[in-house]
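Going in written order, the chains are labelled A, B, C, D and E, and every chain counts its residues from 1.
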Amino acid sequence: MIPGQKQLSNLEELLEGIWKQNPVFVMVLGMCPVLAVSVSAVNALSMGLATLFVLLGSTLLVSLLRNVVPREVRIATYILIIATFVTVVDYLIQAISLAVYDALGAFIQLIVVNCVILGRAEAHASKNPPGRALLNALGMGVGFAIGLFAIGAVREILGAGKLFGFALFGPDFQPWVIMVLPPGGFFVLGAWLLLFNWLNSRKAAPVKPVEGHAHV
Amino acid sequence: MNAASVPPSQPSTPSAAMIRTLGLVATVCGILIVTAYEGTLEAVAANKKLALERAVFKVIPGASSVKEFVVGPTGVQPAGNGVPEGAVKLYAAYDQAGSLKGLAAEGAAKGYSDTVRVLYAYDPEKQAITGIGVVSMRETPGIGDKIYTDAAFLKNFEALDVTLSADLKSLANAVKVVKHGGKQNPWEIDAIAGATVTCKAVGKGINESAQKLLPLLLPHLDKLKAGEPARPTPHPAASPPLSKRGQGGFDSGSASSQRLNPPQPPFEKGGSRASHAEGAAS
Amino acid sequence: MSLFPFFKNNTFARGVHPDANKSTAGSPIRRMPFASRMILPLVQHIGKPAVPLVRAGEEVVRGQPIAKADGFLSVPIHAPADGVIEAIELKPSARGPWVESIVLRVYEGSTQEIGWRHPPDIESMSPREILQAIQDSGMVGLGGAAFPSHAKLAVPEGTKIHTLVVNGCECEPYLTCDHRLMLEYPEDLMAGIRLAMKSVGAKRAIIGVEDNKMDAVAAIQAAIEKVGPADGSITVQAVPTKYPQGAEKMLVKSLLGVEVPSGGLPMHIGVVVNNVGTLALLGSLLPEGQGMTERVVTVTGPGIKKPGDYWVPLGTPMRTVLKWAGAQDANEQEIILGGPMMGQAVASLDVPVTKGVSGILVFDKLRIEADRKLWPCIKCGECVKACPMGLNPSMLGMLAGRREYEAMGAQYHLGDCFECGCCTYVCPSHIPLVQQFRVAKGILRGKAT
Amino acid sequence: MSEPLSSIFISTLLANNLVLAMFLGLCPFLGVSARLNTALPMGAASTFVMLVASLCAFGLNWLVTTFNLEFLRLISYIVIIASAVQLVEMVLKKYSPVLFRALGIYLPLITTNCAVLGVALFQTARDYDFLQSVTFAVAGGAGFTLALLLMAGLRERLNLAIVPNVVQGTALSLMLAGLLSLAFMGFAGLGAGE
Amino acid sequence: MTARIELRTSPHVVKGTSVEHIMFNVVLALLPIAAFSVWQYGLSALALIVTTTLTCLASERLFNRLSGQQSTLSDWSATITGLLLALTLPPAFPLWMGAIAGFMAIALGKALFGGIGFNVMNPALVGRAFVQAAFPVAITTWVPAFAPRRFTEFVPTTFTAPLMTPPDISAWALNAKPAALDGFTGATPLARWKFDNVLATPHDFLSGAVTASAGETSAILILVCGAYLAIRKFMDWRIPVAILGSAALTALLFQLIDPARYPDPLFVLLSGGMILGAMFMASDMATSPVTPKGVWIYGALIGVVTVMIRYFGGLTEGVMYAILLGNALAPLIDQVTQPKVFGEVKRARVKEKQT
C-alpha cells in the first residue's frame, strides 16, 4: 500500500471494483469485449464470468509470485500468466458450451489484452497478499460482469424483446435491430455513461446555475 | 507500465535470476495449460461431434451418424489432418442400418456484411440439393436471416438440380439466383425480395462448392455408399468439423445475428416469420 | 483566380456588397461655420502627440501652428480659427480615453481667411523638401487611419517605388466626401498627385475609383487632359464597387493584380497608396504653404435632417456639427465617426472632429435594435466567403469563444485581419466577430510585450 | 474460399472496420483521438505494428500447426507481439530518432491495443495465406487510422462547441463513435464482389 | 441634445439575415415538397409528417429544459429536421417508429452536442439512419403512389401499436394501387435496377409513379425549391452542384465502361433521394465544410460515395450514408482547405525566386 493512503476495509476493497471504480462505468476500461459480445445478456454474463475467472486466477498467481518476480520482467510475467489463464478459460468454455464459445468468438482470447486485468495485476495484485488481492479482483471482476450485463440486458431487451432468451413483449414485438449492430453497442454504453454522469451531476450540485448558454 | 517507471537508482536484477523466474513462471503456466487442455479434451470433442451431428441431421433428416471425408483429385479419404490442396471436405450421413442417407458439404460466399456459410445436403440419387442450413452469417436480422426462416425460399432447396454435365467436369447448369418469382428451371433459386444480396451469397456459395466438389466426388460415390468403416470419431483437435476452430465463432465475433437467432435450429421458427417476410417485400 | 483570366486585374476575391446609401453624393460641399469653442487633441494622428507651442490666454490666427511635431512620426497642429487659447487640458476623445487637447475660444469675427501662410516655390523643391513641407502642413491620411502623410510618402533607402496608387474608392457606405472632392477639386488632386509622385519617385500614378462614381472618373479624366501630364503617367481606372475595395491591399490587387505579401506593406512591392482626399487637400495646401485646418466630412445617416458633405473646421465638437446638420432629437442614437463598416461609435458629444474623421453618421434606435439576437455559429461559411483577407472568421470566432488566442494568431492568421467588418456584416448568427478579434489581438499584443 | 485481396482490403477498411464494426482497439481509439496531430502518428504506428504482428503471427501459426501445439497459439502470439513491439521500439530509437520521437510515445500503448492481437487472431481464424494476411493487417491499420482521424476531427470541432456538461468526456466519444459506426453501415456489402 | 448615445463596435450595419430567417426560408422551401408528398401518398404521409415534426419539436423542447436553455423552437431548425425526416421515410412508415426517428434525430443528432450549430451530422439523417438500422424491414416497405383511396384511408401500417411489428401490407398494396399501374412490385427503382436489372424511365420519375420515400420523387419540385434557397443565398449552391455533378460524372464513367451493366447518369440522379439529399440535407450548414474549396470536395465525395454504394454495396440507396460520411469528414476537409490568406502565396513565390 502506498503510505498515506487509507487502508480499506475488506468490504470496501470488495466494493471498490463493483461501484466506486467500476471498470465499465467509471474507468471505461476493456471496452472491446464489453461492446462486442454484449448483444445478449447470456453472452455478456458468460464473458463477464470468463473475465472474472481469468482475473481471479492471474491475480492469485501474481500475488503469490509478487516477491519472486524481478521488476524488469514483471510485465512479461504478468502477460504470460494472463495468457495462460485465458487459454485455460478458452478450453473450459469449449467444454461447457460450444454455442457460447461460438458466440463469444475471438473475444475470449482477446481477454489477454483487457487492460482491466493487466491493470489489476500491476496496480494491486503485485503489491498485496493473495487474500486482499483476490478480494479486489473479485470486486473488479464482478463489477465488470455487472457492467457487461447492464449493457447486454438493454441490448437484448430492445434488440430482441427478450431477456435471457425469454420473450418479454409477446410475439409481435418489433426488435430494434440496431441494438445488436455495432452502433447500438456504442449508443447503449454511451447512454449508460450519460445516465451516470447525470446522476452524479445532480448529486454534486442539486441546484446548478444554468451553464453559459450561447444566447446570453 | 514500462521501463521508464523504474527509478534509475534501483539495483538491477541479475539476468540469471530473471531467467530463473521466467522459467519458473513458464513452467507453472505450461502445467496449467496442458492440464486444462487434457482435461477438457474429451468434453470438447463430444461437444463438437454433437454440434456437427445436429447440423447435418438437420439437412439430412433420418440420418443417425455422420462421417467426415476429404474428396480430392486422388479420391475419397476419411478426414484426417487438415484438408489438402484442391480437396473438399464432405460429410456423409448414414441411417441406423448403416446405409448412406445423404451427403453434406459447406459452401461460403460474401454476403451483405460478411461471409455467409451454409451447409447443403446433396442427394446422389436425385443429383440434387435437398436442404440447406446456415452455419454462420452476420446478415441484417429481419432481412438477411430470412434465408433460414422464409419457407418459400427454403422450398428452393427441396430439389435443386445439380446434375453434372456430360463431361463430368462441371455442373450441367450452374446454380443461379433469379429475382423473386422468376424461377423457371430446377437449377434456379428464387430469391427473397428484399434480401437479394444474402440469397445471392447462398446461391454463389453452393454453386462454387458444388462445381468443385461434385466432379471430384461422383467417381468415388461407391466408396461412400459402402459406408467404409472409419474411425468412430475423428481427432477433434486435428480436424474440428463444422466449427473449425473459431471459423464460425471468430467471424461472428461482433454483433451477430447468430446469437439472437442461433443457426443450429434454423428451420424451427420458419413458420412464425414467413408471413412477415413476405410483407417486407420491397 | 488564374482559372478565370478574364477576371484578372479586375478586383480582389470575396468581400461584400452593403447598401451604398450615398444620398449625399449629389449635392455640393457646403461650409460649416465655426463653433464657439474648438477642441484640438494633440494626437489626431498615429504617432507621437504634437507638442503645444501656445499657452492658455494666447491669441492665435487661423492657420497658425499651435503645436509642433514631436519627431518624425508626428505632425503639427494649426489653429482652425482666429481666437484665444482657453486651456490645454484633458478632453474626451473618440477612442474613449481623455486626451491632452488645446481648447480654442473662437472670436466671433473670425473669417474663413487663412491668416498665416508661407507659399513656397513648389517646382524647385527636392523630394526631401516636399516631405518636410507635407509634415509642416500637418497632413495625415484622410481615409480614416490618420497616418502622417509625409511618413507614408517617405520611402526607405533602397526601396524603389514604381507606382503611386490613388485611392478614390470610398467603399464605405454613406460616405461621399472623397466623391465630392474628386468632382469639385480634380485640379487640386492633380497637383497633389504630382507632388506625391515626385516625393516617392514614382513613374506613374493610377487613380482607382469605384464604378458607382463614374462622374468622378469623368471629372478626373477631364482634369488630366486639362492640367495633367500629357505623357499618360497619370491614369484613372474604374474598379468594381465592392467593400472593402478601398483597403490598400485590395485596391493594389484590383488595379495591379498583385497581392501585397501577408504582413507586408504595398511599399514592399513598389507601390505607395494614398487617398484622393489627402492628395487633393495636399494639392491645395502645399502651394499656398498652409497648414491643415479643416477637412470635408460627410454628415449623414437616418438621424440627420440636413445630410451632406461639409467643410468642417478641425476641432469642431460633434454637438455643434450635429446641431448644424439637424440631428433629430431621438431618444437613443448611435453616433459613428467614419464609415458604418469600420467607424467608431462615440460616447460623448464633446468629442471634436479631428483630422481622421471622414464621416459622422447618426443611426436611430430602431435601426440599432433591429435583429441583433445572438446565435451560436452555424458554420454557414458566409464569413469565409466574405473575408477579403482569406481568413476563416468562423473558426477564429469559435476559438475566441474558447479563449484560444494563441491558436488564433499562430494557426489562423489573426494578424492579417484589418477589421474591415465583412464577417460581422454577413453573420446570420450576429456574432460580433470583429470585436472578438480586436480583443484577441489586444491580448496577443499584451502577451508579446 | 479464397477471398481476393481487394475484397479483403475494402471490407476491412470500411465495412468491417476494426474499430467501428469489430470494436477492436477501442482504448487507444477513445484515448488518442482528442487531437488530429496525435491521431495520425498513432494510426501510422499502429498500422506498422499490426503489420509486424501479422507477419509474426503468420510464422508462428505455421509453427504451431506443424507441431500440433495449438494450445500454445495464444500465449506465443501475445509474447511474440509484445517482444516485437519492444524490438521495434529499440530499433527505431537506435536508427531513426526522428521517427522514434514521433511514434515512440505511442508504441507502449500499442502493446495493449487489442486491435493488434485481434488482427493476428482473425487472420489465423480465417485461414488467410501470406498475402491475404499482409493485406488484412495493412487494411486493418488503415481502417483504424481512418476511424481515428474522423473521430479526432469531430472531437476537435466539438472542443469549440458548447457541449452540455453531462455529455462531456467518454460518453461524448462513445456517442460520436456510435454515429460514425452508423455512417459506416452504409459500406455494408462493399467489397463483397459480384 | 440630451439623447442617450448607444455605443457599439464596428461594423455598424449588418446584412439583415439571421439564423431564424434562413431556417424559416428552408421550412418554406420544404412545404411544397411536403404538400406534394401528401397529395401523392395521402393521409398516411400527412400523419407521418405531422408526427415526426411534432416529435422533433417536443424533443427539442425537452432537451432545452434538461440543459436549462431557453426554448430554441423559434429558430425553426427542429421543424426542418422533422419535415426532412418525414420526407426521407417511406410513406407507410409506422408512426411510432417515426416518433422514435424524430426523437433520435434531435437527441443523437443535435442535443448531445450542444444544439444548433454544433451538431456533427445532419440530425434528420441521423434519425433516419437510426431507424434504418433498427427497423430494416419497415423502412423498406413501400406503397404505391396515387392510390385512389389515399385520402380516405390510412395505410394499415401507419397505426401499428407502439413497439409492435407492423402488419404485412403486400396484399393491401396490390389492392390499393391505382388501376393504371400494373405490376406493382413494391420495390424502389434502385432496387429494381440493382436486383432485377429493370430500369425505370425518366417519365416514371417525373410522373411520381415510382415507389419511394415520402418526399423524394418530385425531382422538379425539389429542384425548384432548392433553387429558391440557392438564389436567395440561404444555401450554398456549390453543394448540390458538386454532389449531382460528381454523381453524374461517376455514373457516366461507369456507363462508358460497361453500358450494359450500369444505368445512365439521369437515372442515377433521378432515382432515390439523390436530389433531395443534395439540395436539403448535404447542404445543412452546420455539418458541411465552411470553405468554398472544402465544399466542392465535400460535395464531390458525397456524389462519388453514393454511386459507389449504389453500384457495389449491399444497399440499394447510398445517399444518406454518403452524406453522413461527408458530415464526418467535414472537419477534416475544413482542416486541409483553409482559405489561402491574402498575400500568402505571393510571399512563397518570392521566396522560391530567391532560392
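Note that in this section contacts are C-beta pairs under 8 Å (C-beta built on N, C-alpha and C of every residue); 3 or more make two chains touch, one makes a residue touch a chain.
What you see is a predicted model, and the numbers here were worked out from it, not measured in a lab.
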Discussion item. Tell me the fewest steps from chain A to chain D, where a step is a jump to a chain it touches.
Written reply: 1
Discussion item. If you average the CA coordinates per chain, which chain's centre is most distant from that of chain E?
Written reply: C
Worksheet item: More contacting C-beta pairs: A-B or A-E?
Response: A-B
Practice prompt. Considering only mean CA positions as chain centres, point out the chain farthest from chain D.
Written response: C
Item to complete: Point out which chain occupies the most central position, where each centre is the mean of Cα atoms.
Response: E
Discussion item. For chain B versus chain D, what separation do you get between their C-alpha means, in angstrom?
Written reply: 28
Worksheet entry | Where chain B and chain E are represented by their mean Cα positions, the distance between them in whole Å | 42
Response to the item:
chain A and chain C have mean C-alpha positions lying a whole-number Å distance apart equal to 69
Response to the item:
Per the C-alpha centroid definition, the whole-Å distance linking chain C and chain E comes out as 49
Discussion item. Touching at least two other chains at once: which residues of chain A meet that condition?
Written reply: 35-36, 75-76, 80, 83-84, 87, 91, 106, 177-178, 181-185, 187, 211, 213-215
Worksheet item: Do you know which chain B residues sit against two or more other chains?
Response: 1-2, 29, 33, 37, 111-113, 140-142, 197, 246, 249-251, 253-254
Item to complete: Going through chain D residue by residue, note those that touch at least 2 other chains and give them in order.
Response: 21-23, 71-72, 75, 121-122, 125, 161-162, 164, 167, 172, 175, 178-179, 182, 185, 188-189, 191-192
Worksheet item: Can you list the residues on chain B that touch chain E in the complex?
Response: 111-113, 140-143, 179, 191, 193-194, 196-197, 275-276, 278-282
Fill in: In the complex with chain E, residue positions of chain D that touch it
36, 149-150, 153-154, 156-158, 161-164, 167, 172, 175-176, 178-180, 182-192
Worksheet item: Can you list the chain D residues touching chain B in their complex?
Response: 1, 3, 7, 11, 15-16, 21-23, 65, 68, 70-72, 75, 108, 121-122, 124-127, 188-189, 191-193
Worksheet entry | chain E to chain A touching residues, read off their complex | 67-70, 97, 108, 115, 117, 130, 133-136, 138, 160-161, 163-166
Worksheet item: Which of the residues in chain D come into contact with chain A in the complex?
Response: 20-27, 30, 71-72, 74-75, 78-79, 82, 112-114, 116-118, 121-122, 125, 162, 164-172, 174-175, 177-179, 181-182, 185
